[in-house]
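Shared between the two complexes below is chain A, which has chain B as its partner in the first and chain C in the second.
Presenting the complex of A and B:
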């Protein structure tokens, strides 16, 4: 428990920015926030775009061989569509389609969107820390991010994580 | 036991962490001793709310099985 105020602490490093990998940090952060834990997420490398004002996370079935490709509705809903990598990598717009299908399926099933979870995290005063080094390397400016984002580095994260009960690298 | 419910919260058809997140936001607006009736219809939410109750100390006073869903009566400590 944090020595400062007796609250439990969760420290997360979010290093991936695809739609699928955007979920774990925000789900865990809001669940911990709901239990009145102190939470900080450090966004680095490909996780950094999750701080952008307008989120555009997508998902690729390419390189995710375990990802089921299903239609969100209709007669094919229950069927796993086996699609060869050759098609997925060569058909233009396949990734956009896979992203749209995943978003639609999630919405239909009652899963919150990343935007909703992030808004809730902000409302819970979860600290959202953007990595300066990644910003400079990939050309992000602080104005690209939501107002609640703060800027920090490895030491910023470690100072918070030093008193954390749970620390996760995602 | 007859419980006086201050608020009803419908979290059916929702997945983790929404039930506990909605509980948290609802409890922020409520006073100590007040009771929420929380509707859920999956095991995940039930497990989540039990853990949340243990972690936060807000007790689940009663669980009613309504066939299609569970009604949990949660009190703000």
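Presenting the complex of A and C:
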């Protein structure tokens, strides 16, 4: 419990920026926000692009051997397409197709988009902290990010996380 | 059981986690203390999630049950 205001606290490090990995931090942050928890997400390394004004997260089957490949509709909907991981990840355009399929499936099933979840997090006053060091390394500017993003470093996150009830590295 | 007067109904049909709790939390802010919000969902996970949400926020979950493939919740605003 935060000593400052008696609210529970959730501190998350978001270190991955693919579409599949973008979901957990935003789902947990908005669920915690809905329970009146105080939340901060520290976006670092490949998680940092999730703060960009225009989100472009995609998902790759490469190195994702457990990712089910399913059509979002039609006769193949219930079938796991038996395409070997190594083959599908080497076909040009497969990543774009996998991304489009995942977005379509999520929408059809009623999962909010990353954009919607991020907007809700902003509305709930979730602190969205961009990692300064990652910005310097990969060449991002503050203007690349949504206005609500703040910039900080490891100490900024740790200062918040010191009083957290739940701390997650994603 | 006498009918509980419902101040507002929120339909979360078709929405998955975390939307039912997020929308419920938003909707309950517009109610007065003591008023009851009815929330309808189709996500089976909304039963344990609404119970957890009520415990965390302190609002009172008067009812949580399945009715013909839908889940109906009655939540009383307590603060």
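Everything below uses one rule, namely that the second predicted complex is superposed on the first by the 168 of 170 C-alpha atoms of A that agree within 3 Å, B and C clash if a C-alpha of one lies under 4 Å from a C-alpha of the other, contacts with A are read in each partner's own complex, and residues count from 1 in each chain.
Everything that follows uses one rule, which is that contacts are C-beta pairs under 8 Å (C-beta built on N, C-alpha and C of every residue); 3 or more make two chains touch, one makes a residue touch a chain.
As the structure is a computational prediction, the values presented were derived from the model and not from experiment.
Visitor: After lining up the shared chain so the two structures overlap, which partner does A:33 touch, if you call chain B first and chain C second: first, second, both or neither?
Guide: both
Visitor: Return first, second, both or neither, reflecting whether A:78 touches chain B, chain C, both chains, or no partner chain.
Guide: Neither partner.
Visitor: I'd like to know which partner A:141 touches here: chain B for first, chain C for second, both or neither.
Guide: Neither partner.
Visitor: In the superposed arrangement, does A:54 touch chain B (first), chain C (second), both or neither?
Guide: It touches nothing on chain B or chain C.
Visitor: Under the contact rule defined above, give the chain A residues that sit at the interface with chain B and also at the interface with chain C.
Guide: 8, 27-28, 30-31, 33-36, 109-112, 120
Visitor: Considering the complex alone, what residue numbers of chain C touch chain A?
Guide: Within the complex, chain C touches chain A at residues 14-19, 21-22, 24-26, 42-43, 49, 52-53, 56-57.
Visitor: So in the complex, the part of chain A that touches chain B is made up of which residues?
Guide: Touch residues, chain A against chain B: 8, 27-28, 30-31, 33-36, 109-112, 120, 123-124.
Visitor: In the complex formed with chain C, which residues of chain A make contact?
Guide: That would be residues 8, 27-28, 30-31, 33-37, 109-112, 120 of chain A.
Visitor: Would you tell me which residues of chain B are touching chain A in their complex?
Guide: Those in contact with chain A are residues 13-18, 20-21, 23-25, 48, 52, 55-56.
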